[in-house]
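Look for chain A in each of the two complexes below; its partner is chain B in the first and chain C in the second.
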Partner chain A sequence: MSARTRNRLLMAVVWLFLLLLFLPVLVVIPVSVTDKSYLSLPADGISFEHYGSLTDPAKGWVPSFRNSALAAIATAIMATGIAAAFAVGAWIRSGWWPSAVRLLMLSPLIVPPIIYAVGMVRVLSKVSMLDTFWGVLVVHVVLSLPMAFLAIAASLANLDNRMVTAARSLGARPITIFGRVILPNIAPGLAAGAFLAFITSWDEITVTLFITARHFVTLPRRIYTSITDSIDPALAAIAAVLLIATMAVLIAQTLLKGRGARAGSAK
Partner chain B sequence: MSFLVVDSLTMTYGPLRALNDVSLTVKEGEFISLLGPSGSGKTTLLMSLAGFNKPTSGRILLDGQDIIAREPEDRDFGFVFQGYALFPHLSVSGNIAFPLKVRKWDAVRIRARVEEMLALVGLKSLADRKPRQLSGGQQQRVALARALSFGPRVLLLDEPLSALDRMLREQMQTELRRLHRETGVTFLYVTHDQQEALTMSDRIAVFEKGKIVEEGSPTRLFKSPTTRFVAEFLGENNFVKGSRANGVWQGFGTSFSLPEQRDSGEDAGSATLWLRPGDIGFGTGRDGDISFTAKVEDFVFGGTHNRLALRLRSGETFVASISADLVAEDALGKDLTFHARPEAVGVLR
Partner chain C sequence: MSSRFERFALYLTVPAGLLVILLYALPILQVLGLSLTEGQGAIANYERLFTSRAVAGVVQTTLAVSISTTVITMVIAYVIAFGMIHMSDRQRKVALLMVSIPFWVSVLVRAFAWITILRSQGVLNSGLMSIGAITEPIQLVYNRVGVTIGMVHYMVPFAVLLLYANLTDIDRRVVQAARSLGARPVSVFLRVWLPMSLPGIAVASLFILVFSLGFLITPALLGGGRTLMIAEYISVQISNTGRWDLATSLSAALLIVVGLLLALALRSPAMRAAFGGSSK
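== the complex of A and B ==
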């Protein structure tokens, strides 16, 4: 076998795997424009009625979308704030306790969500927060902390923490040090942390299933209910909307980054 | 009234005494080196002066006022760190302007001062660079300019040259002397490098195990140390046993008398004599010189001066640095005569 054939074979295998990864995701797009009233590929033509039905108040897609957005934004803000406070503190003062707390903070990555869910149901029912925004927020913040913390800690890892000592010797007080010295250096980490926390909350389903019922329904929960209760193609429509939105964000980010990198190297 | 006084400062970490009753008086405009091996307490003292350490007991007086309770940001002391600790997101100018912005100077004044500092450390052409685009020596200059820009009363330097290579280090030593002269700021310089301390300082305080064992001018400490630690730590030295009876010294396998300023003035059954390798000459020397015989046990070529490892008849060994014109490798294994001027010999009890 010549090197050329071998190379082609390798390319074919690579593409096969990429398609295997991506095609099942793309299948929601044709399904979402089906002309039937159940989940299926379009047979006699295409129809956008299922997109229209997303806004139907009776179906509850809009409130669940709003609930999820609300929870994800609030989670991103809170998780980033808490994780940043801890990461910066641990960075400035080293010692045994930051390592101990770090382990505790990362524990949601280790503990299976289903176990955590069982515990949280008991806790939230004790304080009457089951099926409320605040209950979901608490759970999502806890689950997002490891992500946010890891992103922020990574941006601090390359910084010399004597910068803080230097700033103090130059007359800066804690708030100035945070605002003028630490913040500009960890801003990318904060953005990444917030993004990861948002995503974690946005598609959290395991624990959410246990702690919500009818009052505070998130989008993943609504999708889950839709799958188990009916075979409404609106499901494919919402999936297509999310997919296209995500792709749009990713493409925009890649383009912006490319431009930023070019601008940076030109300087 | 003294400018800066460290008054019996003690600092304990559990059972460890990092500083043990340390006192030091600093005159305004002095260049003082705190010299000692690592773990001897010199950096702990510097950190206490900067306010990053809270000593267990003792006082630090600036113009007669105890500043021990003052936070570091209120002390107005400049600090230069070992790794420079520059702000990576700010340019050279931004770094230098930082303490001025914190002090809310107006923009015109800040610009003028930054220009002045850039000129002082010779970085005008690099004003807009970021720290990571600078060499080690350049970063060092930025750190100095930043710590001096707001007109500190005292500049504290924590082994600032240890990360630089030898050539650059010597350049920066000259540079530091110049900055000290031109700014008139009091410098307190921590180092474990005795050469650095000897070349730069007006005064050296030698630290050992949390105490200042001796302080004085570089010349005084080098020429007439009163403790074995300093005699050994500053410059190279040889130690041999000696004794004094009826005003005459025994040592180096011979007898001799020492000039008045060197002599201990009392007879002693056993004392330690020291003699630096560079003060030993080849041959019998002139009248009045101490001359002695020793066997050459090792020979190391060193360019202008060769180093010989010598053994006295008493079995004591020491090192001599002899001009390369006088001794060659064939001296190895021979018994030869060497000499030293009596003023070069020191006595420790």
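== the complex of A and C ==
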């Protein structure tokens, strides 16, 4: 076997694996336009009636969508604010306290969420906040802090602290330095942090599954119930909507980055 | 030196500190506490973890599925990541999209897609039956096979992104040097690439193993109640049977296992570097 055939063979395996990763999720798109009333590939033509059933008030998809959007926006605002304040504070001042808080804050990235879920069921039931917006918000903020913090801290790492020194030596008050020197310079990090916090909340299911029931149902919670109760094509429709939205964002981002890189190299 | 500015910086860390202590650390400590006081007390609760046959079955399933998931994931992910660093820029962009789309799509959408494909009236079985390859549907979901397929599919994008970052950091001049000294491609791979990517492999395997051990959603949906892993077993104890003693002692045991794995990993200098690098 020549070196060339071997390389081709290796690349064929690589693309095969990539297809196995990518193609299975696409199956929800053809299934969502099936003309049958049960989960199947379209047989004699396509139909969009399952998308129509998403707006059926009896099925509760619309309120769950609204609840998820509400929780995700509130989470993004709170988590970005808290993470930004902490990131800046820890950037200026080191010591045991910021290190300990950072360690705790990043723990949800690795500690299995089921353990946190068990703890929060007890805590929220004690204060009668199970199945409420506020209960969900608190949990989602805690779970979004790691990603928001990492995005903001990455942005801060590129900030030249001589700017802060200059502002201090010119007599700027701390709040002015924070608001007019630091924050504007980490705006991209804040935006990335808010976006990641939004996505974390929007997608969160493990802990939400335990702390919600009927009153405050988020979209993932609604999808989960639907998968376990009755698998119907409406589920494929909502899955296809989520998949296409994700793909649109990622493809747009890839294209924009490509354009930026080309424009940069042309200079 | 504690100037006004430094005090201000300290105040900025207070909201985050209070939040993670009161609403993250304490709830988890409370789980540990409850595992000692619920039911018939600490000794009975922890003794049961070693004597109960139901728990033994769940632990065995969890370990078997998690370890096979980690091994299969690492092989597939390494092949993809290794291929990606040898691609043209254009191909790599396409490959990255094919990894990031499943990475960002909701875990529920992915589990649902696999159910659609694998169940007995699903896309795969009906396809195979219509071409006559099989006469009876094969049981591919609601068992260990289905859970493992779903979990590997969930973990591979993570592992690829971790390994790809690690492989791009490897100094390509070492590879060129090995080649110019006449090393055959197989020895270049086994004696240059593989040893230099070991830290990345170790970090990625650790993450995948820890994620797998505590994974709830995919095993619950693709296991259909028949392949019971520890997270789902805990959730059944809370939601259905109200056995807080069992739920909290299992959670505590899971936390201890994850903690031990991390502590063990951090003893190796390569792992410390990998984790230290991401903290600031």
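The definition used in the following text is that the second predicted complex is superposed on the first by the 248 of 267 C-alpha atoms of A that agree within 3 Å, B and C clash if a C-alpha of one lies under 4 Å from a C-alpha of the other, contacts with A are read in each partner's own complex, and residues count from 1 in each chain.
To be clear about the criterion, contacts are C-beta pairs under 8 Å (C-beta built on N, C-alpha and C of every residue); 3 or more make two chains touch, one makes a residue touch a chain.
Because the structure is predicted, anything quoted here is derived from the model rather than measured.
Clash-free side-by-side placement of chain B and chain C is the outcome of superposition onto chain A.
Of the two partner chains placed around the shared chain by superposition, chain C is the only one that A:A83 touches, whereas chain B remains out of contact. Within the superposed three-chain model, A:T176 lies in touch with chain B and out of touch with chain C [touch as defined at top]. Touch criterion met: A:D160 reaches chain B, while chain C stays clear of it.
By the touch criterion defined above, A:R168 lies against chain B and chain C together after alignment on the C-alpha atoms of chain A. Using C-alpha centres, the superposed arrangement gives chain A a vertex angle toward chain B and chain C of 90 degrees, stated as a multiple of 10. When the shared chain is aligned, chain B comes close enough to touch A:P184, but chain C does not. Touched residues of chain A were counted for both chain B and chain C, and C has more of them.
Within the superposed three-chain model, A:V217 lies out of touch with both chain B and chain C [touch as defined at top].
When the two structures are aligned on their common chain, the gap between the nearest CA atoms of chain B and chain C comes to 5 Å.
In the superposition on the C-alpha atoms of chain A, the part of chain A touched by chain B in one complex and by chain C in the other spans residues 168.
Note for the complex: chain A touches chain B at residues 159-160, 162-163, 165-173, 176, 180-181, 184-185. Residue ranges of chain B in contact with chain A, taken from their complex: 50, 52, 71-79, 81, 83, 85-89, 98-99, 101-103, 146-147, 150, 156. Touching chain C in their complex are the following residues of chain A: 3, 6, 10-11, 13-15, 17-19, 21-22, 24-28, 31, 39-41, 82-83, 85-86, 88-90, 92-93, 97-98, 101-102, 104-108, 110-123, 138-139, 141-142, 145, 149-150, 153, 157, 168, 174-175, 177-178, 199, 203, 205-206, 209-210, 220, 223-224, 227-228, 231, 235-236, 239, 242-243, 246-247, 249-251, 254, 258. Per the touch definition, chain C reaches chain A in the complex via residues 4-6, 8-13, 15-17, 19-21, 23-28, 30-31, 34, 76, 79-80, 82-84, 86-87, 93, 95-102, 104-117, 121, 123, 153, 156-157, 185, 207, 210-211, 213-217, 221, 231, 234-235, 238-239, 247-248, 251, 254-255, 258, 262, 278-280.
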